[in-house]
Structure formats: C-alpha cells, structure tokens
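Each of the two complexes below includes chain A, the first together with chain B, the second together with chain C.
For the complex of A and B:
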C-alpha cells in the first residue's frame, strides 16, 4: 500500500530527465542517417532532411569492420571462458574448503577491485612486451583473466547450494572439479550468466587498454577502430560517418540489451551483492 | 595427507597466478621503477633515487593534473551519486513505467565510453553542435564547450555523469527493494513526511549500498581516461588532463617510463589509502542486513 501524494510530480520529473538522458542516443541515430550537407546547413533537425545509408557503406569501406567485430567477439568470449574457470575454482575453495590463510587470500583477491587495470597500464604494458604478445588478442584479455568480482559472485552462489548434493556426488566418486562442473555450476547458472553479462559488456566496451596494446588490424577491437576512424579522416571529423560507425559498434550489445533488458539490469544490480 | 592439505591452494592457484602477474606485481614494479631514470635513451634503467618524485612535485603541470582530478572526482561523484539516489527513490514511488524509466537511465552503461565521447564531442561542437544550436535559438551566444579552458573540464564531467548515473541508480534500486513496505507505511501512519521517511528510514537501511556505490564511484572517477583521450587530449592548455591520461602522456607520448611509474605508484597508493580509510571509518558505521 503506497498512498503517496504528488506522485504525478515524480512522473513529470522522471519523464523530463529520461528525455534528456535519451538525447545523445537519438542524436547518434539521427546523425548517422543524415547527409553532410544537412549538418552544414547549421539548422539542426531531429528528423533528417533526407535519409541516407551511405554513411554506413562508407564506414565499411574505410574500416575493416568484420575483422574488428571478430577480434572483439573473440576477446570477449576468450576472457569470459578463462574467467569462468578461474573464478569457479577459486570460489569453490573460498566457499567450501577450510585452509590456512583463507581470509587473507580472500582479502588479497578483493584488493584487485581497488586497483583497476587502467591504473597500472605502464607496468602491464611492459609485462605484455616482455611476454612478446603485443598486438595480439591475448594481450587484451589476459590482464582480466582473474576477476575478484566474479570470484565473489560465485562464492556467494556456491554457498547457497545445499552441501548434501555435493556429498552424494562425492560418494558416487566425483572429485572437486567434477563436483563444480556437474553439481555446482548447473545449480548456479543464473549467477554465472549474470557475470557473463557484466564481463561481456565491460570487454565489449573496453577501450584504453586495447588501444595501448594493439597497433594493427590484427588485434584491434571495435572501440579502437572507432577512435582510429577520426584519425584516418584527416579533414574535419566527418560527423555523419563517425556516428554511423558508433551505431554499428554499439548495435550488437544494444540489441541484446533491448531483448534481455530485465536480466541485463538485474545482472548489474547483482554488483550490490559485493557490499558486506 | 600432505597432498590433501595442499588441495585448497590448487583451486585458488589459477586465479592467483593472473592476479599476481597483472595486479600485485605491476603495482609493486611501478613503485620500484619509480626510483629509476627510464626512458628510450637509457637502454638499462639507471637508479635515480627520488629524482622522478622531485620532478613531479616541482612541475606545475603535475599540480594542475592533481587539481583537475580532484575537481573532476568530487563533482562527478557528488552529482552522479545524488542524482542516482534521487532517480531511484522516484522510480521506487511510481507504479507504472518503471522499466521504461530504468532503461532510459541505464542504457548509457551499454554504450562504450569511446562512442559516448564521440557523441558528446559532436553535440559540443561550437557551430554545428546540438547544444549551441539550442543556446542560439534561445538567444544566448555560443559556448566553446571543449575549447574554453574554463569550461572544458565541466563539459567532460557531464559525460561521466551521463554515463554512470544509471548504473548507480540500479544499485540503489536493489537496496531500496530490500526496505520493507510495512516499515514505510508504518512511518507514514505515524505522520512522518516524505523527507523524514527517506532520511530516517530508507537511507539508513540502504547505507551499505550507499557506501558501496561511493567506493565504485571513486574508482570510476580516478580511472576516467577514455573520454579525455577522445574529446580533448587533456587540453585546452592542460585544463582537462586527468591522472590516468597524464600517466599515458608521460609513458607513451614522452616515453618517460620512470616518471610514468612514479605517477602510477602515487595513483595506486592513493586508491588503496582512500578506499581503506573509508572502510575503516564509514564502513564500520553502515548497516548490514543479515
């Protein structure tokens, strides 16, 4: 029972702010289908004077979009796959096993949350160079192969699974890794999927680290390609083409978001589980 | 027996190896290298004592970057966290359209910062930009959003606020969902007004969320760099240069890895100090539901 007065005021404020928030998105879409002449007329129109898809074909000419898409998708997939192994093994130990130094180790894991990869680009770049993997997709992903956030999330999930189920499996001769794979993970799928959403979004959108460790088409991601685009067009940045490219690199994730809006948002809300 | 006691560590090992080589070791390595002359002209890094730190402390540019970063962080954190809290409480109130509002505020999380920075850069354009177009129509003169050194930092901050507020709002909503309706209703019957219900009941109950969001916002503020790289390259006249971009400039533009290492060490120490101080002070006071 919510007997609030002035609820209409909330509607008005929310709608107003929501419209403001959406302006950049609409601006991106509408600019991407405009002609340059329309922009240069100095008359801003929300609906283009004439629609064109030429900007998109131009992007495909200037930028090896398919290659960047392939690079990005494989980095996202590789990173998540390795992460799901490292985090479920570690989460199992932290949730179920008793050993010396467990709390200290768990604390050390959490320290990763305070030192984001972006803050240590200089030493990590050196490591990548020493390993001889500069300009490879592995260089983009490897820095993120361990995830304190994922470990924490899966530890919470494993803890909620009744121990009896594991004991039965163990009597049937399952060892630890098999218990994780065949008993725990199937039961905690929602948590792993939530982590997939968060990790996938982060790595799809990641920009600065891939920019530093890649310098040819071979390993560049979509976001890096977008930044290169404005540097390639030496003249005044061509607004229409850049916005078409922005639409193209944003679209895959964005469509996923529209279809799976609720689970997507819930996954990000799950980060709140980290408190306490 | 011995093998068995090692077993737990084997489970942790894979994650720990990556944590070690890409988080702890680099943090320590930056600290170590900050005491060396280390640039392209030195084939072997050469011990330099506190030289790099002295260089920094004497440089006006460094202090300007520190000031920029502090100003950016405070304004970004205050605006995005407060706005997020406001939006969350409003969405919590309305009966209809909740998911539509949520999507409208949350979608920037899905947009790469690199793309968002492009969009905003074009909206900020002096002549062809959307914002100045409306300013002119309203009779104001054009503003150099990214060209005017007294405004550029503000313009860049707006992008951060737009990008992150929705995410923090979702975290607040997760907290508000745990506040029992009966508690709010009871307070209402007892005559508490909206503000009292928020400040005396909801807010204390979600204080652990607030604390956690604050920590995330601090980290998001200090690691901001994508929008600087795309929109301003730290300019005009260094007015939007933030700490991570400054590290990048020194390391990858001027190839002074020693100086960049000293900056990295300072950033890592600040992050650890700020977060642990908050945990030891505010962190002890917040309410945790069991």
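For the complex of A and C:
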C-alpha cells in the first residue's frame, strides 16, 4: 500500500484537529477557576495565578442547579426513550413493510427535516396549551417524540440487516414487534446509540423551546439557568461565573461520552458490525 | 395480547392528558393571580433580587398574587411574550425593552395606562418619575408603560491615568474637541499599545453622537430612519478621526471594551450606567464618571426596560397596576437601583436616607442622575422592527470603523432600513 507511508500525515492532521477541539474546552475550564482580576490582566495565562472555586459557589447561588440538572436529565431521558420506540416502529414500516405510497410517505417524512423548528413555534405552543401541560417537563419533550432524522437513521440500519435473519426468526414464531425487539434492534444497536447522542445533546442544549413552555424551576432546564448569566446586555457579563456554569452544565455530557465512548465510536463503523 | 397492552397504554395516555387539562394554575379565591415576565439585562443574581421583591409584594397584601417568571434576555422575553399573546395566553404584566412599544401596540398586546395614572393623582403622580424616562412611554397622547429598570450612556475614565499624564482627574472632557485633545495628551504619555478612548460598536452609543451633531435618527412615529445624513457623516468623522489618529481601536464590542478599561488598556470609555458596579468592583484604580462629551447639542439618550400591562380584563389590569405602583414606589425604586445597578426612576428615591448612604459609598452612582437632570434627554432608538434595525446600525458602524467607504455604506444601510420599514409607510 502506497498510502501507508503517509499515515503519519493523518496523525498530524488529527492531532491538529484534536487540539482545535480541546482548546476552547481547556479555556472554559481554566477560566472557570480564575479570579476576575486574572482574566482581565494583560498577561494571558493558561494556568490561573490563583485557583478559586468561588465562581462555582456563585453559580449555585444564582440558579437552582440541582433541580435544573434533574429536569434536564429527565427530559432528555424521557424524550429518547419515547423516540426509540417511535422511530424503530416507523423505521420498520419504511424498511420492511410493503404498502401503497410508502416511498412518497417516507419522502414527506424526510421533508420535515427541512422545516425550521422556530417557524412552527406558535402552533406548537398552542397545542401544548390546549393539552394543558404548560410548565411541565412533558411539554418540553412531547413535541420531539417523533423524529424524522431518527426514523431515517434506523430505516437505513434495518435495511442493512439481511432479511434471512428475520425470516429465521419468523420461522421460529416471531411476529412483527418481536422481530424488531429481538432481531433488528440488537443488531443495529450502534445506530441507536449514535441517535441517542444526537438526540441527547440536542435536548440537553435546547434553549428557546424550554424557555417558552416553562415558567418556574419545576420544569426549567440548565440552559435556561445559564441564560440568567449570559444575557447581561445592559452591563457586562461576568465571564468567570458564566464559564463556571458552562463547565457544570457540560460536565454530565462529557461523563456520558466517556462511559459510552466505545459503542459510540463503533456506531460509526456500523457497516462492520454485521460482518464479525 | 400485545394489542391489548398497546390499547391500555393509549387509554392511559389519554386519561392522564385529559386529567392535566383540568389542572393548571389554581386561583386562590378573591386573589387575582398574575403572571409577570421579566428579563435579565445585567450580570449578577438579578433574578434572585427580582424574586425577592415580588415575594415581598405578595406578602404585603392579599388581593394580588404575582408569579415572577424569568424569561431570558430582553429579546427572548419579547419573543416569549409575543408567542404567548398570539396563542391567547399573554402574561398580565411584563418588563420589556421600552423600544418594543411600537411593535406591542401594533399587535394590540398592551393597554394604555393613562386612566390608572389619573386615578393615582394624574400629573402629581407621574411627575415624580424622571421626565427623561417618560418620553419613550408616551405616544400619540397616550402613556403605554411605566419606567422600571433604566440606564443611560455614561462616560468612564481612569483617574490614575489622568494624573499620570498630567490631566486634571476632576475635569473630564466635556466636548468632542476635548476628547481629541485629552486623547492626544494621553497618547503622548502612554505611547503605543494603549488606547486613550473607546466607543464600543453599538447603536445605543451611536444615536447620542448623531443627536449631538444636531441630527435625528428615527422619526417620532417610528416609521422611518435617517441614516444617509450629514449629521451621521459628522458622527462618523468624529469616530473615524479617533481611529485614524490611533486614539481608538477600530472595532471593539461591548463586553471586551469594558474588560479593556478595567485592565487599564483604555483610559476613557463610553458605556452604560449598568456597567458601573462591575467596573468599580473589578478595577484597581480610581474610576471617574462623567456625562457623555457633547458637540452642537447637549443631549443624551436613555435605555432599559419598562413595565407593560397586557390587554386582559379590567380586574387583572387593575391588579397589574397595583403591582407596578408598588414596584416603582420611591422606596422600591431606590432598593432596585442600589442592588441591580440601574438608575432609580423616581426623583423622590434620591432623597431617601437609604439612597443617600448609597451615594456616599459609591459617589459615581449619582452621575447618571445629574446627567438626566442637566442634559437634554431623548428617547432610546425606537421604531417598528426595532431589533432588526438596531442590528443593521451595529453592522454599519462596524463596517465603517473597519475601513469601509462611508458614503457607500451609509447609502446601502439607508436602502436596507427603508426596505425593512417599507410595510409601515402610510
């Protein structure tokens, strides 16, 4: 192989990219433990002169962090759990069942990917209000219970599973839903995990919709809490405190990533999952 | 079997959701329940201070119960109120950016407050508010809002730098020409790597400069904006001149400009009264504050948020008014100002012992009040589609200070502004 000689080049490129990704995070972390004076001094330092955790205690004073974390985590989990049911059922229909207008329907399904969520905020708000679930965590999650992206992803994954496996299961007496649960989903786990990351990060970071449909700490999310710190348009944002909050808010995501790193990376090697 | 389970789930979901429909906010009998949207516009535990005040209001009487609902920055709070209003779920009362008034009236969202003012004593009541803050609330002979969290542009300077350069720390520049001569002295003393003055990119600091040149930015009815004017050119001559002579960094945004000042990279800074607490707490030199330097006209503008009452029913609007009068009485206006850093909106707040002590501790806190009394005050930049036009002005200012051709940029900005306001022409 001629290219193998250039493997080192790809490592150089990857290292550069990795540094590019990591620098802002390191910056965020070091800023969060600096004092304000350190930030504003002319000399830039990566390592703070004085290490302080005061920024973190200030964040805890400003927003009810534990409650927001609980709300955010439960919204993310609830949304993903419901999504995994809806998308695998829909994906199965689009991948395996034959019915009139299936492809047109699938196409229409994908079209909604192109509709910006902000353009349907008012009708969505009205629906939530009619349901009487304003200011509840359900209101934040419910509008995302179906996912075009997830359906697409799972449909492609299901299609990659050889029909023979399914037929074998059917001969053994498995019907539709059980085929999905016992044959298709275990084989397409990496895709589902990839979707879990996409869905999880999106709902973890989502800001305007949760802000809109929630009023009180009972249902509010971390991002809304963060806005209490970042919207100082009439004065000056306190950078150290904002960064401390950012560290606290992103930390759970990092931890999840570290735990699920292996299956996540495998999900990108999805094609190989069946070969082994 | 599976089908039955699914059916059972469905029924459960339906049952639960209908159950929720019947839920919702419970109104204690006799007490009016109000939802109050408020934004956070300054750093710190602003939301906590607000909730504390609302709690005190609720505890002070039994007729009205207010729920304080934090709603993001000014922009999100406006979008939230708009969405809620258009969906028939408007809050009863909200603090919104005062220049949103035109858009709120156009939507039919808010109620004028003249009748309530009349019942409160008319002029005797309303004249206690600083008159400079009232102008933006009055349109077509009606009053649409009550000032609450207000600010004005303020001129900050580093007294230690002044002393070092041989300038009198107690006589800050009063005119544009002074700014030039002071900058020259400072530049000679501090050399390169130091900026004598900074006017951050922001429409809110551009409007007073245009007014000082003798111009006007927007028409009173908010339906047109004059950008391609001789006065706008003069404003940019002033700013561009500072840049060309190396007195000012060409493009500096709002927040970094404050950091530059605190770090001692900049000696004189145009900024907001809202930054005072932050600047005083973070700088290790003596901070001076002054009125904005003026030119042909001695004028400055104001900014910040007002209380708006939404169109609901008589009973709830009356309750909202009761809440507003409590929040803006002399004592609470003083309390809010001291803790948040906003300018107190009432003249009688400044006579309170509580406020006098505050001024003794932080003498700079009174500069804004004096500016409001001694200099002519015009309203904040207020038009239809205000947010969009403000963004346009910011971009224009950035382009020009960045070196773009003034004539072309102004002409293009004028065309863009006219297009934004086209549907509001009568």
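Note that in this section the second predicted complex is superposed on the first by the 205 of 276 C-alpha atoms of A that agree within 3 Å, B and C clash if a C-alpha of one lies under 4 Å from a C-alpha of the other, contacts with A are read in each partner's own complex, and residues count from 1 in each chain.
Note that a contact is a pair of C-beta atoms (placed from the backbone, for glycine too) under 8 Å apart; a residue touches a chain by one contact, two chains touch by 3 or more.
On a predicted model such as this, the values are computed, not experimentally measured, just so you know.
In the superposition on chain A, contact of A:145 is made with chain B only, not with chain C. Once the two complexes are laid over each other on the shared chain, residue contacts for A:208 go to chain B and to chain C alike. Touch criterion met: A:105 reaches chain B, while chain C stays clear of it. With both structures placed on the common chain, the touch criterion links A:32 to neither chain B nor chain C. By the touch criterion stated above, A:97 is placed in contact with chain B alone, chain C being left untouched. After overlaying the two complexes on the shared chain, residue contacts for A:257 are found with chain B alone; chain C is out of touch. Touch criterion met: A:13 reaches chain B, while chain C stays clear of it. Of the two partner chains placed by superposition, only chain C is touched by A:134; chain B is not. When the shared chain is aligned, chain B and chain C each come close enough to touch A:227. With both complexes superposed, B is the one of chain B and chain C in contact with more chain A residues. Shared interface residues of chain A (contacting chain B in one complex, chain C in the other): 39-40, 42, 121-122, 125-126, 208, 211-212, 224, 227, 230, 237, 239.
Those residues of chain B that touch chain A in the complex are listed here as 5, 7-9, 11-12, 14-19, 21-27, 29-30, 33, 87, 90-91, 93-95, 97, 99-116, 118-120, 122-123, 125, 127-128, 130, 133-134, 162, 166-167, 170-171, 173-175, 181, 184-185, 188, 194, 208-209, 211-212, 216, 219, 222-223, 225-226, 229-230, 244, 247-248, 251-252, 257, 260-261, 264, 267-268, 271-272, 275-276, 288. Put simply, chain C touches chain A in their complex at residues 2, 17, 20-24, 35, 39-48, 67, 69-74, 76, 79-80, 83-84, 86-89, 149, 151, 254-255, 258-259, 262-265, 272, 274-275, 277-279, 282, 284, 303-304, 341-342.
Looking at the complex, you find that chain A touches chain B at residues 1-4, 7, 10-11, 13-14, 17-18, 21-25, 27-28, 31, 39-40, 42, 44, 85-87, 89-90, 92-94, 97-99, 102, 105, 108-109, 111-127, 142-148, 151, 176, 201, 204-208, 211-212, 222-224, 226-227, 230, 237, 239, 242-243, 246, 249-250, 253-254, 257, 261-262, 264-265, 268-272, 274-276. Across the complex, chain A meets chain C through its residues 36-37, 39-42, 61-63, 121-122, 125-126, 129-134, 136, 177, 208, 211-212, 215-216, 224, 227-239, 241.
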